[in-house]
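Each of the two complexes below includes chain A, the first together with chain B, the second together with chain C.
What follows is the complex of A and B.
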């Protein structure tokens, strides 16, 4: 996940006006001196949005806390076998859920005990990370693309487009995310990670669209847009090369902050039995099945809950850090 | 003012129609036949199924069904659930419970959230500020259903302070813990939002002027600062009341509160179309009215905002 924050703004920077280094012939001595000066922290070189954000971010302990949590989490999602040798699907009823967790057997199969089916709670928790991470990131991406696109059209073209798309946004805003996703997902008898991504995207894009629309409306009156048009640039070029890089900042902020919410909503849906379904391993599913033994074996519920909360916390911290870095006004 | 309200009410109509249509289409284009489900495992008699389908108007095209529903709605008729009970009846049972729960949660959120937000905003950087900030972060990170189970396990099972589930859904004392769980997330948001705006407005010119004029602290903080800081908070609170009622699905499920959330959840699971559409329609109305009230409150709080 730290990849995402650093990659996205810097790819923005690539399109932005701040990019000067790559095209310049560095062998010319004066330019080399200038770039050396800039790398020493000189103020002459204009910094792009991405570079600015990175300078802000790396000075924050919150960012590094979130970063470490996220690296562990991503590793867990990508290579769960690094964390546990146990098979999350393997059920042995001799491993009874009433047996106490062996807290001292660090990272062993039984250090968090077993669930009702005699499966290792630790193994299931490790393997459950994947669904949450994939859904969180994919929904954020899909929502940003869909909402960003609709918001850009509404803001840039205005008039009928704006009226139509803004009413559409209002309509979807009337239905809370969880409620809409519940009703939509109930229609699918067979649900996978991608169905859940679809459900959350359909009812999650509105805020991004509004933010993008506002940002585009502000940017489209800027002089550089008039200049680009005077030079003969078409709508597509103006939108993608001139307006988008300048309007993307607040969108990235909103999207990063929303990511934690999607992970939490996915877990809630799975917990309600209308998200991922039992053969799939997900924290929400495990918490739902653990609630029946809450009284006798609370660890079966508390372990995946703790990991879920830590994941949400990590993404919230990341969102906060990104917001502070990209939007100095909110500080 | 009157003209503004009238215009806003008119603008609500297309949004209301759009939202109900969206829900209606989603609910009724679901696969699975709710009428056949009424027969359970037994084979359904085709003639009876056909008669029932006709009775509920399910044999007509979707848009015609929607039109019939909408015209019924305008006359205050929410239709009949597939179990034969009028949806209005069902809602009359469930809504008083959820309104209590939601208002309870809302009250906690408003009073405690604004108080904590003011406190931390005024003492920015002090220990209490850091403590509350960390606490809000923890609360935001814990999903509602986990928070609910934590409360149920520790307060209910382990320490025996409360009954693990609510026995009497209308009893305010028993609703206290569910209300705290329901409102916790919003409470954290309100606290953070108030803190930010208070800290920001504390540096405003008018605050310095008020101090220079020699106004007492109570007036500076209570009137000058509060009034200006509450605007963004009110915006949040306005959309939140509807959210609380819809978000009660999880909390009501855990604590067995017989409210809208529970009824809605059961209706979704059993493809009870009329009930789902009815409840969501009312929730949408609550949301629309709340956002109108918020906009009108702006004018009260900030005299610079005038609606013509």
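What follows is the complex of A and C.
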């Protein structure tokens, strides 16, 4: 088959007088035409919104920068032992403040030196990624589900539902995320990653709810919703199949950008001593313990904070790229 | 429906019994909208009926209440702000306004379907047309995804979309306007409803495509022996396909008549004005006729006959008394104090 197709151009180009008689040559162009049609069909294959967005994303350096950073980060969170052989909890006071980072010892235990307890700064930074990533992703997921649900109900049913839920949103909006989480988490004597997720979710869903409500109200008035209703679709189907796919775009964008905020809020909470507590390993915890020795051993502070900044940057870049891809008006 | 039944239905002549019990009867329907500025009476006592296999054209300017009546029949008015203070909508003798929400939902799409004006915005942009067509079967008949898709392809063939099999996964924006409207028609037809309401089905289309879509609609209507309510402001579209016409003005029917008689000899000054404002080829160079004035503001409908400020024949009585729909002939009525003069003038 491939042979025939490759032969064709020459046989067509050289539509020579001598070749017209051959039966093989007559059939060959039709085979080629058929395969050409098939490949055209492939090119014209319908693309969904998601596929369109993916094409758009692929063309952006910003997306790839963020993507590479995030892949490394997620690998770090999932398989920290790939990056360091050292135990982050292991403390050897002989290494107390052994400051000078050993720049030549790439990925070794003493690559970035040791902290006050004689623990490897590099190992602690690698293992600290997990808390940040879990909290960032889980809070974003929970907030999207909760805020999305409330926003959808408020936007679609309107009336009393809207009045009630929108006021609730307003009330929660009055409480700063950090302050709210601070007060709530203080009530827990034993705090884990999940406690922090809970605290951030309770005070973090409002923006998603508002965005979702607005998007649903816009889509609700679309003609295709009236059409779906006129053809007998019920509320559930209209909401989930017709409105939600059209309203989810802005929510995804807000959620991706907000993810970065949750990670830095977690670090802030841990720094203030209200988030994760030692012996839990987290960038916030490490930054907190490094602040007292800033002048003597700045590397103890700089390494985890650099990773924190890079992570936040990566998610913000990703959010920007996703927004550009999902919003055709910005193209 | 099996093939034999279908042929029987198609070949059966319209019996007087069938004509006597119409598919859909709208009786004294009132619809009002409660707005901040006051109560807008969009529909004021409309009566009409459609039988199986019959086409009723509802004609009127924007704001005449023709679409609102249709939405009331479909039950897709937003209530509030809309309100139906009185009236009946009888479908096969049963008042739909008294049905439960769930009963009405079952009627929509399955028994009465609607075709909308703008097919592009009436189709969901993020779902493939095959999915949206198949949805009809999945919602109403609980078919599997695969069977629904097969049915969708069948329907697309039915409305003459070329290469339906290859296009079933395409999205609405990948179709031309005419093809999109065909898909809307296919959706409406999916469950072989008894009645189709087409709300300006060809307004958004090119003139050349308009004729194709109307022909298709008329053909399918004959095939399925459906009732058709055609809402339009285009007198040209009406002439070919409609059996009878109801002309609406300011929420009332001002004239109803079989299509030929109305065109030949209108019995209401408004209808006459509409017919006179059709541009004619044999009068090139003359100024086009227009009915003077503007359609009434429904918040402040003129007293008496709503058309009186624009009517060339208006007398004092027109400014005080609302004319009732007078019987002009069998199956023909006109809501004008001077219908006789109009008819013969």
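By definition in this document, the second predicted complex is superposed on the first by the 279 of 331 C-alpha atoms of A that agree within 3 Å, B and C clash if a C-alpha of one lies under 4 Å from a C-alpha of the other, contacts with A are read in each partner's own complex, and residues count from 1 in each chain.
The rule we apply is simple: contacts are C-beta pairs under 8 Å (C-beta built on N, C-alpha and C of every residue); 3 or more make two chains touch, one makes a residue touch a chain.
Computed from a predicted model, the values in this text were never measured in an experiment.
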{"item": "Combined model on chain A where chain B meets chain C, clash or fit", "value": "fit"}
{"item": "Chain B versus chain C as contact partner of A:237, first or second or both or neither", "value": "second"}
{"item": "Partner chain in contact with A:245 - chain B first, chain C second, else both or neither", "value": "second"}
{"item": "Which of chain B and chain C A:287 touches, first, second, both or neither", "value": "first"}
{"item": "Contacts of A:61 with chain B and chain C, given as first, second, both or neither", "value": "neither"}
{"item": "Contacts of A:223 with chain B and chain C, given as first, second, both or neither", "value": "second"}
{"item": "First (chain B), second (chain C), both or neither touched by A:183", "value": "first"}
{"item": "CA minimum distance (chain B, chain C), superposed complexes, angstrom", "value": "14"}
{"item": "Common interface positions of chain A, toward chain B and toward chain C", "value": "none"}
{"item": "Chain A partner contacts - residues on chain B that touch it in the complex", "value": "14-16, 18-19, 22-23, 26-27, 29-32, 137-138, 140-146, 149-150, 152-153, 157, 196, 242-243, 246-247, 249-250, 253-254, 264-265, 268-269, 271, 276, 280, 283-284, 287-288"}
{"item": "Residue numbers on chain A that touch chain C, as the complex places them", "value": "41, 46-49, 222-224, 226-234, 237, 241-242, 245-246"}
{"item": "Residues of chain A touching chain B in the complex", "value": "167-168, 170-172, 174-176, 178-179, 182-184, 186-187, 189, 260, 264, 267-268, 271-274, 287, 291, 294-295, 298, 301, 305, 308-310, 312-313, 316-317, 330"}
{"item": "Interface residues, chain C side, partner chain A - complex", "value": "74, 76, 105-110, 113-114, 116, 118, 121-128, 135-136, 139-140, 166, 169-171, 174, 184, 187-188, 190"}
